[in-house]
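Letters are used for the chains, namely A, B, C and D, taken in the order the chains are written, and counting of residues starts over at 1 for each.
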Amino acid sequence: MIKAGIIGSTGYSGEELTGLLYKHPNVEIDFLCSHSYVGENFSSLYGNLRRFVDEKCVSDEEAFKRISDIDILFTALPSGKALEFGKSAMENKIKFIDIGSDFRLKSKELYREWYNLEHNYLDLLEKSVYGLPELNRSKIKEAELIANPGCYPTASTLALAPLIKNNMIDTKNIIIDAKSGVSGAGRKASIGNLFVECNDSIKAYGVASHRHTPEIEQNLSELSSEDVKLTFTPHLVPMSRGILSVCYGKLLAEATQENLMNLYKDFYKNEYFVRVIDELPETRWVKGSNFCDISLRVDSRTNRVIVISAIDNLVKGAAGQAVQNMNLMFGLKEDTGLEATPIFP
Amino acid sequence: MIKAGIIGSTGYSGEELTGLLYKHPNVEIDFLCSHSYVGENFSSLYGNLRRFVDEKCVSDEEAFKRISDIDILFTALPSGKALEFGKSAMENKIKFIDIGSDFRLKSKELYREWYNLEHNYLDLLEKSVYGLPELNRSKIKEAELIANPGCYPTASTLALAPLIKNNMIDTKNIIIDAKSGVSGAGRKASIGNLFVECNDSIKAYGVASHRHTPEIEQNLSELSSEDVKLTFTPHLVPMSRGILSVCYGKLLAEATQENLMNLYKDFYKNEYFVRVIDELPETRWVKGSNFCDISLRVDSRTNRVIVISAIDNLVKGAAGQAVQNMNLMFGLKEDTGLEATPIFP
Amino acid sequence: MIKAGIIGSTGYSGEELTGLLYKHPNVEIDFLCSHSYVGENFSSLYGNLRRFVDEKCVSDEEAFKRISDIDILFTALPSGKALEFGKSAMENKIKFIDIGSDFRLKSKELYREWYNLEHNYLDLLEKSVYGLPELNRSKIKEAELIANPGCYPTASTLALAPLIKNNMIDTKNIIIDAKSGVSGAGRKASIGNLFVECNDSIKAYGVASHRHTPEIEQNLSELSSEDVKLTFTPHLVPMSRGILSVCYGKLLAEATQENLMNLYKDFYKNEYFVRVIDELPETRWVKGSNFCDISLRVDSRTNRVIVISAIDNLVKGAAGQAVQNMNLMFGLKEDTGLEATPIFP
Amino acid sequence: MIKAGIIGSTGYSGEELTGLLYKHPNVEIDFLCSHSYVGENFSSLYGNLRRFVDEKCVSDEEAFKRISDIDILFTALPSGKALEFGKSAMENKIKFIDIGSDFRLKSKELYREWYNLEHNYLDLLEKSVYGLPELNRSKIKEAELIANPGCYPTASTLALAPLIKNNMIDTKNIIIDAKSGVSGAGRKASIGNLFVECNDSIKAYGVASHRHTPEIEQNLSELSSEDVKLTFTPHLVPMSRGILSVCYGKLLAEATQENLMNLYKDFYKNEYFVRVIDELPETRWVKGSNFCDISLRVDSRTNRVIVISAIDNLVKGAAGQAVQNMNLMFGLKEDTGLEATPIFP
């Protein structure tokens, strides 16, 4: 059995990961660490896991001590908080997956610019492998330290990769308009995320300034011969889970709906967790699962292509993808513990 | 492998059952029958099951023909529509579980009074076993025809059974105030169930006249030495899934919170799917699972007890309980295929 | 023009009151006071009132100074926080309406028991008039200090008053099962009220212990020759506004649906803000208005009556009723500034 | 008093219009016509207007007869259904406002292409004036027949007009990504709009094919020296009301946030119903009002501008704008009957 520790277990991603690892046939949870709930029973916070995960949350201090006993450490923390844990994991020669954002941007300058933090673990950053299995599988298998992708970057990169890789669209003319459920904002007491403030309303936020922008650009630039700069607009939608990413590209040559659908079906033909579908994706169809549904439409009037992807932000956008990465790192079947079909309604 | 057929597969209960049976290790779905979507791909209606359940829905006619090939038939149909299927199942000597309401009331007079229908299959009615495993397990194991309990009756009967069984409350003074998510209303085009009509509002409906009233009374009367008559008020709540049943009883003798909690914990100590908890149940903690969470509070000022139960109406209140019954009928472990922990958020 | 000051203006009730007074033809808002947002522009918190209420929030200190300049002071504060303001208002001989709970319970013992606070302003408490105009209009007209009723007590008292007043039901056998939108929990950063925690779920809370219980009992006891003790269960429903109060009574004599409907229509025939209707009330039909919709059903099988009322918790349950009271105190037409019809959807 | 008739009064736009006209000081509703609810009391469908609008709905036939008695006729109907009513209104020499889509597109070819209908009333089409007061006020004042703008076109045109009018963005490179509440789908029994199908999920629909595309293009082309062709993507969001339109433009020259905000503030400085704000618009801040909130962000990294507008689809996007148009046609103050401030929460 793989022994796992989770730091930040009581946030929404942490809880999702806890649930997934609890059910994972090859994993044993060694400890759950929580900054805010030390000593509290995990299931007193998450009553869904009552009877299943009834152990007490441990402190950071305790967690650091137990790192030497485990095989893999997961962090699901705010920016800047995973660095020390990563260092300790490497020193203890165990695997490490950061679900947060501390190892995603390869450039420390970009990290400083967008996160307003100094990255003092450049050796770790160098080691880190970006954990998007559909595009990076072989490296992930060999990795010690995984930067688990952000939710928006997961949905958006998977949506655009086939076009970028095949030089089908103008890399200077990409717009991503994405929509997220409120769990993406995390489980912290804030007035802006109260039920009453979010219910029955929609807003854009972080327009032209969201931190996932350089991450998406980094991903697409790697697939392209050019340096991709794009416009990214996230929105908050009155739903608990789900991300819908709507990506606009200008076609460099004419292409039909059929051409492009075939391109996508071919590109992802071996990818279990990507469903290329004819219908337009909806977040409800992937809820609770690690799937990414993708479809597209050609707007022949304007020679644009609109690619739409849907994921569950807590699963493929966070904890599920982390498990997928762990499976690869440990040589397990990639979908182990991720067999859940989406739940509807 | 148990070969199963589902009639009414494209309603919400039918879909839930289809998903559960698809994943069930001992079951093979032989056919999915749908009145409204004959010839359509199941997953074109329920995109969550895309890639998993892509077969075409068959007609009633086709379904009748195939009954002889299967081991168990499930019906999830409006009142009065399951009778013929039940008859055919019995003639073909296969197991039959009606998730609908056609075999629940033992008295054809009550059936006529509350459902406004004539029950012309009294032999079947006699054979039918009420499928609430926690109270009726041994009969279910021997049954050929199961009347799967209604959603409200499941939540309410489990909530009140320990009190009734132990003569703790006045059987003439029971009030049940229950709340359901909108999936309970079924998947039919009706203005009253439109998003805009249900969103951000709550209402009671069927006050003093809901069809689940005699079913709950029948259940409780069987547990009691007296004939139970109670007041039952269902509500429609702006959520997709879930039932919360709040049951008021007048204590016949003084009892403390501790006494009664112990009574409940003891009563359900061997029941995997009932979680007797100290905290007040919430529907979110059972979503997507076959669990029934129960707790209670003694109101010593008025000598009343308030018992609260929460279930997922589509799982323990319908399809999950049907699978639980099937497992019992076929000698399988009772939770086979029902291992999913509740999903939150 | 009546000059008004509002303490606690940035909570949900405070905001509703601010909006109502802004539009009120006879009122001029002199100051808006907020503990948490001193110096901030009111409409930066409530963008709906942008252009209308753009003034800065003042501190408690500043508010105390300006009490002498105004004609009426409103407080919308947590328990215990309105007392000093009430004192100052009385000293300055201006009218005072507490939308909070500090002057509702006439007994300081009950206040201590249920609010866990000491009431050191018994002279004010004696002066205070319970501001439920439909039952207390003449006293309100003469009052200097109004205790504005709680949201649940408003809905529940109006629902039961005709039965109690006419000795129709057993006062020892009353159960109230009420449901509230999340705005009732106030605008404070708390994890329990986050969108993700409330969305798509229902729960009861404060079972057999909610502070509105003695307030409802006080109201009903005043209408009765007996001391009323009842069971009250509030619920949190995933909607922003609205209260539905479902009240169960045991009829002392037989009565038909028609009898009782006539009783109610007669009882409220001169009350503009009470609509006695044949259909079952729904919170959506009163949203944004000061109306209380009431209907009932006789359950002849059990000789019970179920009375259901619906209000907007922020209007008839708080700010609207405060304006109604103010209108009475200043000799204005009772519905001045409250002409808004309910908004749907 | 202006005597008004409403055809299609029982849809969501019709209901909103009925409520607005009921409260309008210069209007008397002469008849409410409904295809589906002939003879039914209006308030039995819309309980919010109980006591206010209790009259019976009349048939089409009856409506045609009464056109000669009124001063203005409103239609809120599906495509193709308003034509005959428009003809009759013109023959009776009364004013006519079509809230539907039958007179918006000036080209019958475009009408055929996008609506799949033949327009056989070209004389009416020629007479029709596009009722967007902020851009077309003087013509509206003289008009007999108004084509009330669509909801998406209202939000999108107001968002982009200042940029287009001032040649600030590339007219070949405009993308509009818009989000609507479910009331935009109308009040018809359809499975796709059931609560359970829409709740907690988001989807795009009509991608590259929505009928509002040519309407927006027509509006922007009139403001430009060039023929505008753009990409438009609407979405369905789990909320009752509201449209958020997010418009992407490529700046032709460099421009700062401040430059553009000043341009917008100046452009709309005399427009009561447009609030140009520094904060990002949210639909909750305009709910129940005729306001359009607009803001923008310059993405200097990509030299794009993102303009965001929020309206209530049933008010500024339908009934409120119709009243605004009526006010202009009859020489009334433009905001008469539209004084409601937005309601939150």
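We take it that a residue touches a chain if its C-beta (ideal position, glycine included) is under 8 Å from a C-beta of that chain, and two chains touch if they have at least 3 such contacts.
This is a predicted model, so every value here is computed, not measured.
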**Fill in**
Quick note, more Cb pairs in contact for A-D or C-D? It is A-D
**Request:** Could you tell me which of A-B, A-D or A-C has an interface matching B-C, in the sense that over half of the contact pairs are shared by residue number?
**Result:** A-D
**Message:** Please tell me the distance, in whole Å, between the geometric centres of subunit B and subunit D computed from their C-alpha atoms.
**Reply:** 45
**Prompt:** Could you state the distance in Å from the CA-based centre of subunit A to that of subunit D?
**Reply:** 39
**Prompt:** Whole-Å distance, subunit C centre to subunit D centre, using C-alpha means?
**Reply:** 37
**Message:** Going by the contact rule already set, what residues in subunit D reach two or more other chains?
**Reply:** 12, 181, 183, 196-197, 199-200, 238-241, 282, 284, 287, 345
**Prompt:** What residues on subunit D touch subunit A, complex-wise?
**Reply:** 172-173, 175, 177, 179, 181, 196-197, 199-205, 207-209, 229-231, 233, 235, 237-242, 244, 246, 248, 280-284, 287, 297-302, 304, 306, 308, 345
**Asked** Which residues of subunit A touch subunit C in the complex?
**Response** 12, 181-183, 187-191, 193-200, 238-240
**Message:** Considering only the defined contacts, which subunit D positions touch subunit C in the complex?
**Reply:** 12, 15, 19, 22-23, 44, 46-52, 183, 199-200, 240-241, 275, 277, 279, 282, 284-289, 293, 314, 339-345
